[in-house]
Structures are given as structure tokens and as C-alpha cells.
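In the two assemblies presented below, chain A is common to both, partnered first by chain B and then by chain C.
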Partner chain A sequence: MIEMRGVTIRYGDTVAVDDVHLTLPTGKIYGLLGRNGSGKTSLLSALASYRRPNRGTVLVDGVEAFENPRVMRGTVFVRDTLDLNDSDRVRTALEVAGWLRPTWDAEYALKLLDIFELDSRKRVSALSRGQRSVVGVVLGLAARAPLTILDESYLGMDAVARTLFYRELLADYLSHPRTVILSTHLIEEVADLFERVVIIDRGRILLHDETDALRGRGVTVTGPADRVTAFAAGHTVLGEQSLGGVRALTLDGRLEPGEIARGEQAGLTFGPLGLQDLFVHLTSQRLEASR
Partner chain B sequence: MFNDRSPIYQQIADGIKNDILSGSLREDEQVMSTNQYAAFYRINPATAAKGFAQLVDEGVLYKKRGIGMFVSPDAPGKLRAARRERFFAEALEPVLDEAERVGISIDEITHYLGSRR
Partner chain C sequence: MSVVMSLLRLWRPMILWFAVILVAIEVAAVAAISTAGPVRFSFWLVVAGASAVYWPLVAGILLVSMFFRLFMANGVTRHEFLRGIALFALGVTIVFPAVVVVGHAVESVVLGLADHRAESYPVFRFGEAAAEYFHLLPATAGFVTSGILITAAFYRFRPWIGVLLIAPGSVPALIGNGLIQIDDSGELIARLPYAVALTLTAVAVVLGWAATHRLLRDVAVKRSAT
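Up next, the complex of A and B:
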């Protein structure tokens, strides 16, 4: 169990993480979603004990994580900055990672380099953005750490490399189950891998739920303006659009099948809301259910 | 493969039921393990496990400890009966609603069905 208790992180007057309480059972793959500047990296830095919170504590299996050598050996946190020595060759960087971690699998690291077609003799300073992402992924996966945190580190990869990454992540998780936390804004393509999703918005946890529970949660209703408005009464409206006499509303929450049937009888049409759209609606300004 | 209209575990359960109804999964045949299923469709294994657990709860699949999950001998018959029950309400009623909207009479539909015999 990983617990955040009342964690607050401040940079001067700016509050990046605001009194967050979060309980994450171990052994699952989590997706951390949030807009730029929402506090994702700060939250992950605290979870990985890279940063001591201004207030609150992080507990891993009941013990305080910060500056705890046992917890730190079992934690890998890959940021897009990589935190490597620029003049080192990739091979050396991986060797160093191996010295630091009892769980490091050197053979698997080489296999990953091969899959992503990266030459281990290259210097860190000479890597392209995509290649830096590959090194980040190798550092994250081959560590086989009980707590593996990747902070958007794979987002510099192209679509083909990302697909390879998702496949490798899942395969390795199946053979070596552990806690994995990925932050991302490419929700649609990776959501199927997440058992649970945490959405952070302006430093606060907006939502923490099973990914599957979010599918079919939002719905769009389209039709004559007055009937759409009447239908939406009592529902939370996430978004709206009007064109002439036609109105489209995005509603939060699951509708009863009977409700949909009645709406269709009244000439309304219903559409599902994808996870990406749900995220966009939840993290932009909420609208009051209005006329 | 999967869509956003309903939870994936639900779609997994529905897919396996369809395979049983179509005969591509037979009585007492072993189904994929949740890990095989997760790796094949690239989904989280917990999601796959939930879909399989629902099928076990409904009696569509049964477990043999340490071996895996299998299609219940009475699953095809039970699934067919359930689908037949839902056919008129869920498949035919929408067709009749659409016919009414565009002005096709029941007589015309009956005539058409007669010509298909």
C-alpha cells in the first residue's frame, strides 16, 4: 500500500500539490492524468520520495518513505530530464543503474535496447529526443522495481516505438507484477493498460477510479434545444454546444437504459463519450445545469 | 477491438458469449487464461479477470483448480434461450419503430418476410 497523507508541495507562493490524500494498493498499473501544470510531476516526486513535501507524509507499506534506503532501492522514478551524465555512453548509464538496484535485470535491459534499436555505445549527449525516451523506458522497466514511476518519459517516442513500449510494459508486468504509475496526456492509446486512473487538477485529486468504470460514464445528448434542456434537468452538465435550434449537451454519469429509451422516443440522440473527452470535460471549467 | 460505450470487462464477457453461441467455443473447451487474454488484446489483466469472473458467476464458464476455465456444458443452450427471449424486445421493436417513422406498414413487412421464405 502506498499512501499520501495530507501532502502539500509549494514553490514559493505557488501551491503545486494541495493537501492530497491518496491510497494506492500495490501491484496495479495506474494512469496519472492531468493537464500541463496540474501538479503531476510534483505529486510523483513526492510519491517517489525525490522531494520532501512541505506538509504531510508518504508511506510505503506503512513506513515513511522519505530518506528510507529500503524504500528508495525499491523505487525507480524516470523523469523526462533523465538525470544522467551527458558524457556517459548509454552502456555506462545502464551499468550505473545496475549497481544501484538489486532488482536490475541487465539481460532484459539489453533486450529492450535491441527491440528499440538503440546502440548502447552512443553518448547520452548525442541522443535524439526519441532515443532519450527509449533510455528512460529501459531504465524504468529493467529496474524491475516494486514501485516503478514513469513521468511522461516515453512521450518523446514516435507512435511505433510507443506501441512497442506498451506491449513490453504489459508483457513484463504480467511476468513480474509490480506497482507501475505512468503519467500521460495520451489517454486514449494507453488507457486499456491502466487498472485505475487518477486525475489531478490544479493540485487536487479530481478522481480516482477503475478505468473501466469511466467507460460509458459520460454521454452526449443531441436534439431540439427545449427537449434536450428538459432531459438534462437533474444531471451534471459537463459541456454544451448549440447550432440553430439544435443543442448538444455532455452529461456526467451513467444513464438508465429506460432513460435513454424515453429520450429516443422524444427524438433525442445519444452518443458515448471517450475517456479523452471525459478527461477534457472534467478538467475544464464545470458548467451549471442551465436552461 | 474495444469501444468506449461500455466497460471493457462487459465487452469481454459479451465477446466470449458470442463465441459460444456461434460454436467457435465448444462445451467443456478450455478458454484462454486471463493473462493470455490480456497479452493478446493488450489490456490490463485485472480487467480481463473481471470479465471472466462475471462469466463464472453467470455459470457460462466453470473453473478447474490449477488448470483453467472451461465452457459450461449447458452454456450454449442457456445463452440461446436468453437471447431468444430478448430478440423481440431488443432486435425487432427498433425495426418496427423505424418502419413506423418512415411509413412502412406491418402488411408490407409481412409481405417482404413471405418473399424471403
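Up next, the complex of A and C:
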């Protein structure tokens, strides 16, 4: 069990994380969602003991995580900016991880490099943004750490590489279960991986729930624009998309079976709530106010 | 693997290259100087003696700026890292002066065999080897400590605060090199009674390490090297 008790992180007058209480059962894949500057990285830094909270504590299996050798050895935190020296070769970075991490799987690291077609002889300074992301992902996955935190570390990858990453992450998670926390802006793309979702906004936890439960909180209605608009009357709309004469609305709350049957008779289709729509709705009061 | 063993493996290529370059320069320079007649000073004491001071300073700077983030990212705690760099710095402090003394002995013997030592050349004497070693060691300890301390201050604070802290951070180096040293002609210098000078250097080094511990024991792991 990973617990954050009253964690507050300040940078001068700015409060990045504000009195966060969060309990994360282990052995699950978490999605940490938040807008830019919402406090995601600060929260993860505290979880990984990269930063001591100004107030509060982080506990892993009941013991304080900060400067705890066992906990730190069992945590890997990969940031979008790699914590490597530019002059080092990729091979050296992997070797160092092998020397220091008891759970490091060198064979798997080489397999990942092969999958992502990255030459381990390259220096970090010579890597493209996407290749740097690949190195981060390899360091994160091959560490096989009980707590694996990837902070937007795969955003530089192209679509093919990201797909390979999602596939590898899921396969490795199933064969070596552990706690994985993914922070991302590519919500819909990665949403199917999440078992639980944590949404943070302005340093506070807005929501923490099972992904399936969140998807059940609403429904997406798609069909001809006029019929969708008529159907949605009286419902709270969380999000909308239009393409030509087709409109998709995300509605808050569950629909009665009779309502769904009527809608289907009218040529509408129904789907689960999109996580991104829920996220945008929950974190965009300013956006709504500006409309 | 421990932090200090990992550091040794990471630095091994750099140390080997440094040694090869140093020896190559020594051989080439002494050979060139010898063509003009007997050698009047110890080129090794000039070059390696300076290296025993400035290389530990650079090593101290790199230990924090290059390796702190790297080791933290691989699950090492701050205290484990501090212990590791302390052991590494201790190794540097012990080995570098020894390399200078051994090199001086080899140079002196070779030039003696070739009859290329001038009157003013500081002939190496085995009875003085320990004194030579202990006149080099305080400066090496002071410079490696200052390198680590100054970089730790830059890492912890904003750059302008780091600049202000260069002065107090330099104290171990200034005391170590200012009170006890060996000059180019091989003369052993202690500006205070040796025991007093050594004690003052030891105090400065210990205080430097205490300050380093205070700076790094709970510092946030930044995205940049400093």
C-alpha cells in the first residue's frame, strides 16, 4: 500500500501540492491526469523520494519512503528529461542500472532496445527526442521495480513507438505484476491501460476511482446532430464533438434502459464515458467560464 | 554493487587515459629537456604535483554534478551516495600523493642512471618519501573536499547563492594547500608547525564534509546537473 498523508509541496509562495491524502493499493496500473502545472510531477517526485514534502509523509507498506534504501531501491521514476549525462552512451546507462538495481533485467532491456530499434552505442546527446523517450521507457520497464513511475516519459515517441510501448508495458505488467503510475496528456490513447485514475488539479486530488466506475458515470451519445441535441435536452453535457452532420455528446450520469432503447430507435448509438471528456469537464471551470 | 565500486568502474577509462597522457607528457618533456643538458628540476613534481591538487578539485566537482542524479535515479539514497563519494574522495586523497611520490622516485632514478641530473635537481631519497607524501596529502584532501562542497552548494541553491558560497567552500583547499605544500624544486613547506597545520587542514576538511552532508542529505533531485 502506498499512502500520502497530508503531503504539501511549496516552491516559495507557490503551492504545487496542497495537503494531499491519497491511498494507492499496490499491483495496479494508475493513470495520473492533470493539466500543465497541476502538480503531477511534484506529487510523483514526493512519491519517488526525489523531493521531501514541506509537510506530510509518504509511506510505502507502512514505512516512510524518504531515504529508505529498500523503498528507493524498489522505485523507478522516469521523467521526461532523462536523469542521465549527455556524454554517456546508452549502453553505459543500462550498465549502471544493472550494477545498482537488484531487480534489473539486462536481457529484457536489450530486447526492448531491439524492439524500439535503438543503437546502444549512441551517446545520449546524439539521441532524438523520441529516442530519449525510448531510453526512459527501457530504464523504467527493465528495472522491474515494484513501484514504476513514468512521468510523461513516452510523449516524445511517435505513434508506432507508443503503440509498441503500450503493448510491452501491458505484457510485462502481466508477467511481472507491480504498481505502475503513468502520468500523461494522451488520455484516450492510454486510457485502456489504466485500472485506476487519479485526477489532480491545482495541487489537490479531484478524483480517485476505478476506471470502469468512472466510465460508468456517464455515456457518449453519437448520431445525427439534431437528434443527439434533442436527446441530450435535460442532461448535463460533459463534452461534445462534431464532424459534418454527426455529433457526439458526453452526458453526465447513467441513462435509464428505456431512454437508451428510445435513442437507439431514433438511430443513436451509445458508448461509455470518455475519460478525456470527464477530465476536461472536471478541470476546465475556467474554460467553461470563458465561453 | 556499491556506490564507490560503481564510481570506480565509471571512472576507470577516464583515470587510465589521464595516466597515459600524464606519463606520455612526462617522458616526452623530460626527453626534450635532457637534450639541452642535465635536468635542473623535477618535471614530474611540476606536472603531477599540480595534478594531485587540481584533478581532485575537478573530480570533486564531477562527483556531484555528473553522478548525483544518475545514482538517485537508480535507487540509491542520498546518504548512500554521500558515503560512496566520501570513500571515493578518501581513495583519491590516499592514491594521488602516492602516485606523485612514486613518479618522482622513478624520474629521479632514471635520470640518475642516465647521469642527467643537474646539481639543483631534487633527488629522491627513500628516507624522505613519507615526508614528501604527507606534504602532498593535505592539499589533495582539501581540493577534493572543496570541489564537492562548492558543487553541492550550486546544486542546492540558486546560482547567485552558489557564487557567494564559493569563498567559504574554498576554505579546505586554501588551508590544505596554503599551510603545507611541496614546491617545484621539491622543497617541503609547512607555514606552521606541521602538526598544527595538519590539524587545521583536517578540521577544515571535516567541516567541509559536514557542510556537504547538510547540503545534500535532503536536497531535491533537480532536472539539471547543477
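Keep this in mind: the second predicted complex is superposed on the first by the 230 of 291 C-alpha atoms of A that agree within 3 Å, B and C clash if a C-alpha of one lies under 4 Å from a C-alpha of the other, contacts with A are read in each partner's own complex, and residues count from 1 in each chain.
Note that a contact is a pair of C-beta atoms (placed from the backbone, for glycine too) under 8 Å apart; a residue touches a chain by one contact, two chains touch by 3 or more.
Note that this is a predicted model, so its numbers are computed, not measured.
Of the two partner chains, chain C is the only one touched by A:R52; chain B is not.
In the superposition on chain A, contact of A:G130 is made with neither chain B nor chain C. Once the two complexes are overlaid on the shared chain, A:L273 sits against chain B while remaining clear of chain C.
Judged by the touch definition given at the top, the superposed model places A:P224 against neither chain B nor chain C. Of the two partner chains placed around the shared chain by superposition, chain B is the only one that A:E195 touches, whereas chain C remains out of contact.
After overlaying the two complexes on the shared chain, residue contacts for A:A97 are found with chain C alone; chain B is out of touch. By the touch criterion defined above, A:F77 lies against chain C but remains apart from chain B after alignment on the C-alpha atoms of chain A. Applying the stated contact rule after C-alpha superposition, one finds that A:A213 touches chain B and leaves chain C untouched. For chain A, the partner touching the most residues, choosing from chain B and chain C, is C. By the touch criterion stated above, chain A contacts chain B in their complex at residues 28-29, 166-167, 170-171, 173-174, 192-195, 211-213, 215-216, 272-275. Looking at the complex, you find that chain A touches chain C at residues 45, 49-52, 66-69, 72-79, 81, 83-85, 92, 96-97, 99-101, 139, 143, 145. Taken in their complex, chain C has these residues touching chain A: 1, 5-6, 9-10, 66, 69-80, 217-218, 220-221, 223, 225. The part of chain B that touches chain A in the complex is made up of residues 2-9, 35, 38-39, 41-47, 50.
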